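Below: one structure, written as structure tokens.
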Amino acid sequence: MELLIVKDKRIDYDGSAIQSHWAYRNFGILGDSIVIFRGKCDVKVEEMIDIEDLRQSKEIKSHDMVHYIIEVFDLVNTLFASTLQKLFIARLCEVLGEYGVKTQRKGDDIYVNGKKLSISIATVSPVSVKMHIGINVEARGIPEGVDAIGLKELGVTDVDEFMEKTGKALVEEFNKVKRDSLKVRWAQ
Amino acid sequence: MELLIVKDKRIDYDGSAIQSHWAYRNFGILGDSIVIFRGKCDVKVEEMIDIEDLRQSKEIKSHDMVHYIIEVFDLVNTLFASTLQKLFIARLCEVLGEYGVKTQRKGDDIYVNGKKLSISIATVSPVSVKMHIGINVEARGIPEGVDAIGLKELGVTDVDEFMEKTGKALVEEFNKVKRDSLKVRWAQ
Amino acid sequence: MELLIVKDKRIDYDGSAIQSHWAYRNFGILGDSIVIFRGKCDVKVEEMIDIEDLRQSKEIKSHDMVHYIIEVFDLVNTLFASTLQKLFIARLCEVLGEYGVKTQRKGDDIYVNGKKLSISIATVSPVSVKMHIGINVEARGIPEGVDAIGLKELGVTDVDEFMEKTGKALVEEFNKVKRDSLKVRWAQ
Amino acid sequence: MELLIVKDKRIDYDGSAIQSHWAYRNFGILGDSIVIFRGKCDVKVEEMIDIEDLRQSKEIKSHDMVHYIIEVFDLVNTLFASTLQKLFIARLCEVLGEYGVKTQRKGDDIYVNGKKLSISIATVSPVSVKMHIGINVEARGIPEGVDAIGLKELGVTDVDEFMEKTGKALVEEFNKVKRDSLKVRWAQ
Amino acid sequence: MELLIVKDKRIDYDGSAIQSHWAYRNFGILGDSIVIFRGKCDVKVEEMIDIEDLRQSKEIKSHDMVHYIIEVFDLVNTLFASTLQKLFIARLCEVLGEYGVKTQRKGDDIYVNGKKLSISIATVSPVSVKMHIGINVEARGIPEGVDAIGLKELGVTDVDEFMEKTGKALVEEFNKVKRDSLKVRWAQ
Amino acid sequence: MELLIVKDKRIDYDGSAIQSHWAYRNFGILGDSIVIFRGKCDVKVEEMIDIEDLRQSKEIKSHDMVHYIIEVFDLVNTLFASTLQKLFIARLCEVLGEYGVKTQRKGDDIYVNGKKLSISIATVSPVSVKMHIGINVEARGIPEGVDAIGLKELGVTDVDEFMEKTGKALVEEFNKVKRDSLKVRWAQ
């Protein structure tokens, strides 16, 4: 799995990066990948993937987020997508633990002291699993009614370092998952 | 996903429970399931799933363990098996955190202060994903050279309660994973 | 598999309900489902699924039909979709038999005395199997050249009861199919 | 789908024909096939596929049966296997209806006046879907406690003709299922 | 696999024939198929499948080509699509060898003396594998910078015969591939 | 895809290397791989994969062969296995062409002047595609009735070099196939 961390510019997330081959189209990265960048979040209704959000006319917004766009081509299946997403979220919580931040994970949501730190969605395109994870840098520009928190409030001020640490952690996790899947014989 | 916690008797784990339909054959449980029981662990060579262990002639042993036998029929694939296994291990670490135990997860292994608390394997049968997780109750009967630890040393003395808490946590995790996989539209 | 029978209002079928997650978007029903409702049928050309109909510029129309919209997420495959469709049609014929109606099934079409009682299509979306079955309540508004018949002409006058009986029968059939798929060991 | 009806000799069914490639190994028939033959039925415990039967130590026996051994290579999945099985059983009931026999189908079982006419199992090998259907010619040699009936008691005395009629009906059904699966465009 | 060679008219290729069911929609051919025709090539940007071409703003053009449109429904997977494509290209090189033309294959490209003879793309729709192969009849109308060659320059002047020979060769190859896949037992 | 060429010792092929994870068990190679070695060939009946050979009681033997054992974990499907096998055979013919040897490929068999140079089989295990290709070094110890030829008779005397050239060619071919499968968008 390839890792690209975009540090030299901001990229806003409007939901369109969830489409297949986004990393290849935009950065020439072929195959399984994680692209991490920083920017606003304002998901257009027509790009919303979570039908529950659509049904409730939720807004998905934040002024400043670290974004993870993940694509995996090995297996096209929504149950696998949802499982990998929860594992990646759990891994991010473990890294936050190393920063001394105590998190609570509820499925694919990260909370700190009851405040929401992240958003995430996982689905399939006809050729891949696609995932977006967004972590608030600051809790600004969040939809009303959401009690949010950001990395800065938690003392994680070196955002570039956080992007690197978490990026490496997720790539290592996936590579371990894949390696282990190849070394087991099948059971009767 | 159905949960069965066997409390009225000990069951030793020799590796054969990794075969497909073990929960249905032995307890009449149909479909996705977690069966939790307590007993010795001594995996016969012919039941070993991890070829790395076989290559190194490792022994897999413990005098007293909590065992989780998990079967999922939704998707037969080793990458999915390996992903779900890591997620379940991460969830177990989170529950241990609620007990005040600080763990370190390395893939599918749980460590506490550098000592190994658990063993695990995940693979496929021709009709299902199968998984075993074993957590030491006490660090006795462990193969030489492995620096192990058990629940009792960590202050988790009510093993029945631990089996219940973790069983419910894993079932809830899986149900959340599955539910989320059904509520997302596909991406272009 | 969940069952929803819409009795308090009419819903016309224009073909768009064949899209994935229609039941979740419109009724909040997650996962495998059958939604049954009553209303006109007039399938827009751009929603037509059967390319044979498109090639022959067929019209798909009826003034009053019982509609079944079925979605199954377990397996995304057109051969499975087509098989399940024929089984559901056969089951509907069996229920009609309990009403004393003697039917002839030709694949996915139901005939009574050589007159066409039903229409049906089964296909896949990228995440599910989707199916529509429509049964004429009255043989009115049918495209010219089609010799049709409706439930009322056959003495099935309590349409609400018919919707319930058939709905339950299809759900029970699917649940039996699924249960049986979980209790068989694999063959060499 | 190829059809072979063995008329020149009796073949007893002991369960081993459920293994993959049985038709190719024994008759040189490549690919999807139905082989129909007549003989005793006495399934060895080690060949039993239905774990429910195994759990209840059921016997599967009959002195004289028409046997259908079906193999489909298009899609290896137990849910598909179970669905196709029910469709084939429904089709057999329709053919029996043409003989004037009124049947009741319960999943994969055929009853006439509350008496059991048939047995069936469907599963997968690692490369195919496999199915066995057995229909009593006479209700002799049936395990105790099973209230059975046979074709002869139902007035179906020309067993060769019955084998031909049903064989053709099942092949036509499968071919229709397959053809229909190829002529539908996918839905959004 | 069905073969249709269109000889009575020219058909230009603009890329839209890569969509699923093109052969059924246009010629009523159901299932696996190769349709061969002759005409210009000028692929519209919105129909381009190769994202590498899109990224480089390449033009895909030729004044006169033999086109092969292939669709396979047996298995929907891009790795299979890419493998079958390379096999078909290798087979075309073998047929050219019978014409006395010495080719060099680089993946899915055919070269003669360093000059490009062909273009090709292989991908999936949600229900099938789709492939296009185009072979220059004459090296005219080719994008600047591409050193191309055509069948006529190579002495293959009877284009109709070439379409027939290659069409039969590809169909035979696929049928052999399929037949062989059905006659092997699975390995432990 | 990893390549291992065993040069320091002879390994005889008795058919057991067709089992899954043979490369990992014996050489510690994880994931997609080609292992090339040299030795006798004498396939035990119980290891024979081609049921056609079994039906005809064929012997599979040769005194001295170059053997290729290939395993691919990306996609478990016999049609894909059979396709990849033919592509690899075609690639080997191309390499032989570079040696000045004119071959004729018939599916998965290589002939030179009507004499058989190779044997091959491709199938699946429950977790992988497996393939064996054997090329005669000398036409000795071949079953009666088979008109065979070997590399030495064809002037390919540096067998080590041949093992290297062909090994690299097959790995490059597979890597190209895989890379191409990742760079194409899906078609409607």
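To keep things simple, chains are lettered A, B, C, D, E and F as they appear, and every chain counts its residues starting from 1.
Keep in mind that, in the parts below, a residue touches a chain if its C-beta (ideal position, glycine included) is under 8 Å from a C-beta of that chain, and two chains touch if they have at least 3 such contacts.
Since this is a predicted model, take the numbers as computed values, not measurements.
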When each step joins two chains that touch, the fewest steps from chain B to chain D total 1
Chain A and chain F share contacts with B, E
If CA atoms of chain E are superposed on chain F, the rotation in degrees (nearest 5) amounts to 180
Note: among A-E, A-F or A-B, over half of the B-D contact pairs reappear in A-E
With centres defined as the mean of Cα atoms, the chain at greatest distance from chain E is chain B
Residue numbers at the chain B-chain C contact, same meaning over half shared and different meaning under half, come out as same
Between the Cα centroids of chain B and chain F the separation in whole angstrom comes to 39
So, in whole Å, the Cα centroid of chain B is separated from that of chain E by 50
Among all residues of chain F, those touching at least two other chains are 20-21, 24, 51, 73-74, 78, 124-127, 182-183, 185-186
Which chains touch? The pairs are A-B, A-C, A-E, A-F, B-C, B-D, B-F, C-D, C-E, D-E, D-F, E-F
Listed in rising order, chain D residues that touch chain B in their complex are 51, 54-55, 78, 124-126
Interface with chain C, chain E side, in the complex: residues 21, 24-25, 28, 73, 126-127
Counting only contacts in the complex, chain E reaches chain F at residues 18-20, 49-52, 74-75, 77-87, 90-91, 93-94, 105, 107-108, 121-126, 130, 173, 176-178, 180-188
Listed in rising order, the residues of chain B that touch chain C in the complex are 20-21, 24, 30-31, 73-74, 125-127, 179, 182-183, 185-186
